[in-house]
Structure formats: structure tokens, C-alpha cells
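This is the structure I want to talk about, given as C-alpha cells.
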């Protein structure tokens, strides 16, 4: 009885105090933070990207808030782990919008998850800033296309860039090594589509599951196909490193190109000495040869005790910067709808990464070739090719 | 009275479901409840095949995936109605499950489990590679929502309804000669053969039925998420649903449902991200250590006492020795 | 000649061992037939060949004129032949009534889908076999234990449950594999009384036993196996006098090789 | 023909890895009658520690880590037995819980980066086939461990105790064998064997935090495809699956690569009828 009374008295006092504060500083209510969701794959197989994305968004957020956030209003990011699972991604959109009231969401973590989250984002009227290369994410067929904005170069751009480079060096016969998922399969499909126009030929392709422990059979197969160059459409670092080692072992001594998914520190560390000259397309070069913007992000990460990995950080912060830029450009109330509308008019956007983001009503693929750099492995580092 | 006893589980499920449905207000929890409900259905299918017939299957999630793709393909490629999809989502997994069982049921239980694992891998490969039909690695998006269960709350009602129907069917089967035969052959196949049970046919039929339950769950999944991809209903989920069934009590009709709710809610409550697996695995070991026959195994004696207090027992003629005292 | 259970010319080899070598036995309705022999004489193999648990290499098994050679157990149970096991295989957690209901499997014609959907026909079948099980429990004096788990019963009662379960299939021929093993004398008496009662109601009983005195007291006819062959066949007193039997079997008892349970 | 031989040899090296993982699994099956789902996780843990520390010290510490993890499993097993669990599926499921927990610990402590270490760089050319010594080393280690295990199981008193406890735990107990303690020992051995496999994989191809479960499943498949009755069959099963995978990766294309090994498993099971007699009564 007494304790009950005490509680209710305390509660009343607290309410009074709150009211008093609110009255004393009327501006308090106005600077309620702007909420942005981050629906990332922080566990499950895609955590390789989700965790660097989360880390980079966290440090960049502090940085951007210290620069005044959205016209003086602080930004708050609410994280949600989609566990690399489609149903969970849909649920994440639901929770971020209906409970946390976010006005935009960076995510989801994988192409498939974007496809699952898209319809729900459309229904709840909140834009998705998709940090994925998966071509289908911004397919014109998708009813929810108006609500999805890509913040990474699409796989089509990546693959064309690589194959163009290979063709330029006179490598006409290309072998493709790819991982068994949407990302990997896109590599073969796009390569075969582009072959004619680039004057090349896909002479063989060899897939492997993420967890393959030996890739020499795949390497032999591409060796026997007489490939003049190998293109690896792989984002699992151990798989890429394993294949390079296998290729050297079975005597497949031709130039190897890695897709941007491999521009990760753990791939470079894992592939070791046998990989000198290996060419990796990369979104920026955060780890080894950063641009001024990337340098800043890399310093922020190191100050927070994180080791930059090289891919997730850049696309993740692209999303954050784009969301803040869109919010800044809105004159009236900031809602999911007004964020979406603002994004379609964003162009020339500069984030920490290289390249300029630009969306229009018809094109939701924000970042293009200018975001990419060609690198070569030299002395256990990725050296930006001039 | 007898009828009520036979259908005690579905009655209890109905009661719990209505209570839940009335209590749930938060849209996020409704969404969680829908997904838990779908997983509970797959876990129920484990209850039937593993808990009753003793056949450990690690292909229940792929059976659900087949159900989801069946209705997804009918909906996306042919614009067919979800009801046509439902027929496909039941028949295809049932047929596949039945055929697989005919092939491997004679093997020892672990080999059966491995065979189901192989089937799961084959299903996954077919889904991934049959681009023109399944959408390949990218998956099928734009599966039509159900017109008569458009909002998550309505969908939740639908899931509950399906669960209650499935439980009622499950109970019907258990109370029949087939249910008794399944329990016998789980315990001892030779004993079942001596009763005149065609062991292979009965276990295969039960396995097919269990696959059909999973297929229905897949149907619900596809129309709820509106997207299905090759990684969605995979081996991880197959293992999760076995855990759900075991934690709740696989041999109890309602065990898998209880397990699904407990694990589902637990997953929401646990701190997310990197360390989630540590808590999940730890909790799992703890539950297994404490509850031998699952949570319902703990609850049963307690529950029986409560039931005796509430429901008057049917008049029973006391056996002679009792009368004498 | 068409009435009865006959197995003739049964052969079965396991690897190099000739387990059955032209063995034969016949069981008449309403009679108790004993099958005895030393360990390894082939009686369990013959038993399993008749009940369909082993496919014989050659030979013929007929029930009331119907050929069931090499058929599966479910066909054989349907044809009216039921068996028990040497070591009871009852599920300790199942109730006595459920165990007997399990034996009614071939008595019900409910289809899988009918049972699943709870169609009226399936429910009717269920009620019918429920009454049948209750009647059997009454007949074997098990009514008081109907709802008790089998695991709580004494060995003697478990044997009775087994017999009730076997007869629940509507069997006209009952094959019992060492039913007296592990029973006390009092329990043996109850069991043999029940078996005799079954026989007098017209059931043909085949008893595989080690316990020679029990077989002598219970059986109308006895077949003795030795090395997979029939050593002797006839009425108990006749068999007991057979010099070959005395030499091969009773001699063994004197040497201490009773092996009554194993 | 040379190409075919090359694929087969590659398959054998790959299969040695599966066979290594199958060893602790069939050991646990032969002696305890259960599956230790955490074997892949022990391998992962050993590899993670081995990759971080490096060198011989890393390998030793990795093995120690895997051993600690498997001791946890042994403790859980003893506790389960004390609690009256005799259902082997329950033990398997709790080992699955441990596997998930270990995977999560690895992710939290090392992050999502892959563990890869540079092994031997040398390349031998034998009859026109270029071979990195790591492959033969893996195969040799696998065979050596297999020989050791077989000798232990079938040639020593401890082995007899182990097998006796598996065949008839009650009888073994009556014969004075400390069954639970002996079986707990088996789980601990699983950590050692799994750890060795993990270290070899680390130096061969590398792995990341997701590898635990798939390694377990590979080992599981290998241990069972020819029957789980003894470690030699498990190792052989691993070799067979490895060869099937290499051949299908070489000659198949796309989906076929992934399908062929699965069909091999299904066919072996469907036609092989392993252990069929036991569960269909005596009927062949």
C-alpha cells in the first residue's frame, strides 16, 4: 500500500518535472531527432557486409550530426537485423515504420531481401535505400520500384566494366568462376549477354557453393576450356582466395579479374603471395588507397576501434548521406512520402565514397562507373590502377 | 464428452488462438505472430512425422518452399487464384514426400534423416536453376496477396484458422487405427508388422501428409511475404522447426506449437546481432537439460491435475480390488 | 484337408547354415500344437517363415487352403494368422486398451483420408473396434487395467495383453513364441488356462516352447525339430516315448541344457 | 584419361577433408549412438584461433580451443545423462545448440571476415599433374588418424569398453565400465579430431563463421553414406563424396555440379539398403 503510494507520487513528480522542462524549453519538442532505419544483414551469411555497414553508419552518423544533422535537427538511426532472411526483412520494414516511425530505410541487406521488403515499404510509404548490386532490385517490372533507390553501382555496371577491361587487353576467351547465389549467377548471365557487343566469348563457367573446401576441380575445368582470362563473380572472400590458389596450383596462369564483392581486406589477406597482379574492381579503395572522403571515413572507423573492410562501409554510408541530403532538401514536413519525392530529385550527391549519386524519376540506380576503381594486388595490398 | 476429449488439443488451440488474437494490438507483434504461426505449422508437420512416426525429416522447410513456389508460380506466371495455388501447395509436397518415403523408409532413422537432407539440397538446386519458372536465384516477387485477408490482422486470423484445422485433422488421424499404427512403428517396427500394419505404406502416407502440412505453411508464407527466394525456406529453418517440436514436446499434438511460440518470442526478446546465436544455443541446451519430454512434458502432470479439477471425470466402475477397500 | 494351417517342405539357408531342411508342421483349428527343439534346431526360423517375417527359400504355407507362402506379415495377419514375440515388444507407455486396439488394425476398414477428415464411416469403424477391444479385455480379465500403462503390469499380465492383442486381429490361428518364458508358475497356469479356452473356442494355436513339461501338459499334438528337420510328430505321450526325442532332447535336459529362457 | 585421373585425385584430396570430419561423427555414432553436430563448430573455432595466432603455436592453441569447446559438449552430455535423457536425438540437438553458440562467439570475437592462411607454396608435378603438397598432407593425416582410431577401437581395452558401451550400455555398466565417463571422453575426442580438420581446412582453402553447420553436414553425409558402423566406412564415404563432387564440378555444368553428389547419396541409400534388416524385423 505504502509502496504503491510512493510510486504514484514519484510518477506524478516526474510528470510534473517533464512538463516543466517542456514548458521551459519549448524548442525541445522541435528537435526530436529525425529517425532513419537501417535494415541490415547483421547475422547470417550476408553479415560479411552487414556488420561493416552498421559500423560505418554508426561512426558516420556521429560525424554528420556534429555537422548539424538535418538543418540543425539531429538524426537517429535505428538498426534492425534482417538475419539474411526475406521474411525477417519484411518484418523489419514493418517494425521500423510502424513502431519506430522512421522516414527512410537503408537496406535491406541482400537483393532478395530488398525484393521481399519492397512491397511492404510501398504499402507503408517509406523509401528503401538499397545497398545492393542485384540487378532485379530496381527492375522496371517491380510494382514497388518508385520506393527503391540503389546506393551502390549495380552488378550490370560492375560486370560491364570488368569485361570491357579484359577485352581491351585482348582477352577474348573468358572463363567465369562464380558463387552459387544470385550475385554469382548474375555474373555469368550478364557476361553472356554482353559477350557479343564486347567481342568476347564465355568459354566456360564453374560454380561453387559458399562453403566449398576445394576448388581445384573448378580451376581445372576452366583451364581445359582454354580461357585467356578468368572473371570471378564472387563476394565470399574465402571462396575467391581458394579459387585463386587452386588456379595457380593447377597451372591456370592467366589474368584473373575479381568483382567488386572481393575488394575486401580478408580476400587480400587470404589470397596471399600468389596473387600479384590480380585485378579487382572496387567501389573506392577504403582500406589501402583512400580518396580524401574515404580517408575521413577510414579515420573515423579506426578511431572507433574498427578495422575498415572495404565494401559495406562505403555503400552503407552512401545510403546515410543520401537520406540526410534528401531530408535537408525538404521544405515542409518530413515523411516517407516527401523523402521519396525528394530522392527522385537528388543529383550530384557526394558521400564518403567516390562517385556522384544521381536519381531521376526513371532511373533509380544512383551510383555508376565513377564510383568504381580498378585495383591490382601488389605486396598484399590493393593498389589503385592509374 | 468423448468427443471433447478427442479434440482437447484443437479446442485448447482455438482458445489460445482467440485469446492471442484479442490481446494482440501492436502491429509488429501481429506480424511476428503471423510468422510464428507459419513456423508453428511446419513444426506441427515435424510433430507428425518425427513425434508420432519417429521419422526425422530435415526436409520440412523445403516442402514448405515447394508449397510456396507452387502457389507463387501459379499466381505470378498464370495469374491463377490462390485457391488453385493451395491445391498445388498441398499436392506437390505430399506426392514428393510420399515417394521419398517409399524409397527410404526401410533404412535406419539416421539414414532417413540424411536422405531427407539430400532431397532438401536437390529441391534447393532445382529452385535455383529453373530460372524460367522459379525466378532462379532472384526468386519470385509480386505474388498476389489474399483479397480476403489483406491486412496483417486478418492474415493472422487466417493463419490461426489453418492451424486449428490442421490440429483437428492431426487429432483425427491419431485417434484412428493409423495413429496407433504410427505410434507402434515408431516404438518397434516388428511389433507393427505383427499387428498386420503395412509399415511402408502407412509411414509413407504419414510422411506425405506431414509434407502437405508444410506445403500449406509455404502457401501462407508466399501470400503473406509476397516474395519467395531460394534461400528463404532452407535447411536452417528445417533444423529450427525440429528444435521447436522437440522443445515443445514432439509427441504431444500441441508441443510443436508451444515450441514455435517459445522460440519465436525468445528470438524477439534476445539481444540481436552477433551474440544472438550464443543466447539461442545456450537457451536451447538449457531447455533440453531441464525438460526431457519438452515443455509440455513438464506441464502435463500439472495440467492433468488442473483438468481433473475442472472437468468432472466420467463415471468409472471401480475395479474389484478398489471396491473391497 | 483344406482346413488348418500347413507348412510343408520348408527350406531356409543363412549363408552356409541350413536352418530349415524340409521342415513341416500343421496346426488344426481348436487344437494346441507344440513346436519344440533345442537351441538352433530351427523352430524360430520356421515360426518366422510361417508368419512372413522371413521369406523361405522353398516350401509352401497354406491357411485353410489359401497359399500364403512368401507373403508379407500384413497379408498373413489378414489371412487369419497372428503371432506374439518371445520378448514382449509392447510400448511401456501405451495403455492396455490402446495396445489391444493396435491389434485391431486389420479389423477396421477406415481409409487414411477418411480417418484424417473424421468421416462418419471412419468414426463408426472406430466405435466398433472400441467395443471389440473392450470385449477382449473383459474376456482376458484385463478390464480393470484397461487404462494402465503396459509398463506397470506384471510379466504375466503383459503376456495376456500380447495374446489379447494378437487375437484382436480376428486370428483363427495364433502363433505364440515361448509365451511362458519368465513367468512364475501361477502366471503360467493363468496363461495356459486362457490358451486352452481360446483353443476350445475354435482357434488353432501353435506354441513354440522350450519348457517340455508345459508343452506336454498343454498340447494336443507336438512336433519336434532337430537340425531343421522334423524329428518326431504326434500326440504328446507318443512323442515323449519316441527314442529319438529322448536321445536328442530329453537327454539334453539331463545334461543341463534346458535354456528355458534365452 | 589423364584429365579424369586428375579429377579423381582432386576428389580424393577434397574427400579427405570430408572424411576427416566424418571420423569424429562416426566415432560418436559407434560409441554413443548419436551425432555431435558441433564437430563443424570445433573445426571453425580451431581455424579461427589458428588463423589469428599463426604457426605451430596457433595450431596448438586452436586445438586447445576446440578441445575446450568439446569438453563443454562432454559436460552437457553428462548433465543430460544425469537428467535421465537416453534419447540420442536430444543429445544431437543439444550439440546443435552448442554449434550455434560457438558460431556466434566466433562472429562476435573475430567478425565476419574469412579465415585463410597461406599454406605451402610448393607445387609438385607428378605424371603431368600439378599438386600442392597440402592435398597429400591432408589425405595422409586423415589416413593416419583413421589408422590410429581403428587401432584404438579394435585393438585396445579402451576400444572394447567403448564398443561395449555402445552395443549395450546397461550390460557394460554392469560389467563395471564407467559408461558415461567413457562416452564423455568420446565427445572430447570429437573436439580434437574436429580441430585438426579445421586447421587443415584453414591451410587448404579457408573458411568463415558460417562454415560450422555445413562442415558438420558434410561430415554427417560422409559418415553415413556407407553406413555408420565404423570410422573406416565414414572416411571412405568422405572420399566417395569428394570424388563425386570433383567429377561433377569438372564434367557437369551449373546445376548438375550441385545435384550429382546428392543423387549419389540418395542412390547409395536407396539401393544400398544399409542396416535394412534391423528395422523391418528380420525380413530381407
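Order of writing sets the chain letters: A, B, C and D. Residues in each chain are counted from 1.
By definition in this document, a residue touches a chain if its C-beta (ideal position, glycine included) is under 8 Å from a C-beta of that chain, and two chains touch if they have at least 3 such contacts.
The structure displayed is predicted, hence computed values, not measured ones.
Legend note: the chain whose CA centroid lies nearest the centroid of all displayed protein CA atoms is B. When every chain is reduced to the mean of its CA atoms, the largest separation from chain D belongs to C.
Our note on geometry: chain B versus chain C, Cα centroid distance of 40 Å, whole angstroms.
Each chain gets one centre point, the mean of its Cα atoms, and the points for chain A and chain B are 36 Å apart. Chain D has its Cα centroid 31 Å from the Cα centroid of chain B. Taking the mean of the C-alpha atoms as each chain's centre, chain A and chain C sit 72 Å apart.
Along chain C, residues 52-53, 72-73 each make contact with two or more other chains. Multi-chain contact residues, meaning those touching two or more other chains, occur in chain B at positions 128, 190, 193, 199, 274, 276-277.
Each of the following residues of chain D touches two or more other chains: 107, 254, 258, 281-283.
Here chain A touches chain D in the complex through residues 43-45, 47-48, 50-52, 180, 205-218, 220-221, 224, 236-238, 241-242, 245-246, 248-251, 264-267, 269-274, 307, 309, going by the rule given at the top.
Within the complex, the chain B residues that touch chain A are 26-28, 31-32, 35, 128, 136-139, 141-142, 152, 221, 225-232, 272-274, 276-277. Of all residues in chain D, only 29, 35, 76, 79-80, 83-85, 89-90, 93-94, 96-105, 107-108, 213, 217, 220-221, 224-225, 228, 254-255, 258-259, 262-263, 265-266, 269-270, 273-276, 278-283 touch chain B in the complex they form. Contacts from chain C toward chain B in the complex involve residues 51-53, 72-74, 76-78, 82-85, 89-91, 94, 98, 101-106, 108, 110, 112, 115-118, 122, 125-126, 129, 143-145, 165-166, 169.
Of all the residues in chain B, the ones that touch chain D in their complex are 56, 103-104, 106-108, 110-111, 114-115, 117-119, 121-122, 125-126, 128-129, 189-190, 193, 199, 235-236, 239, 242-243, 246, 274-285, 288-290, 292.
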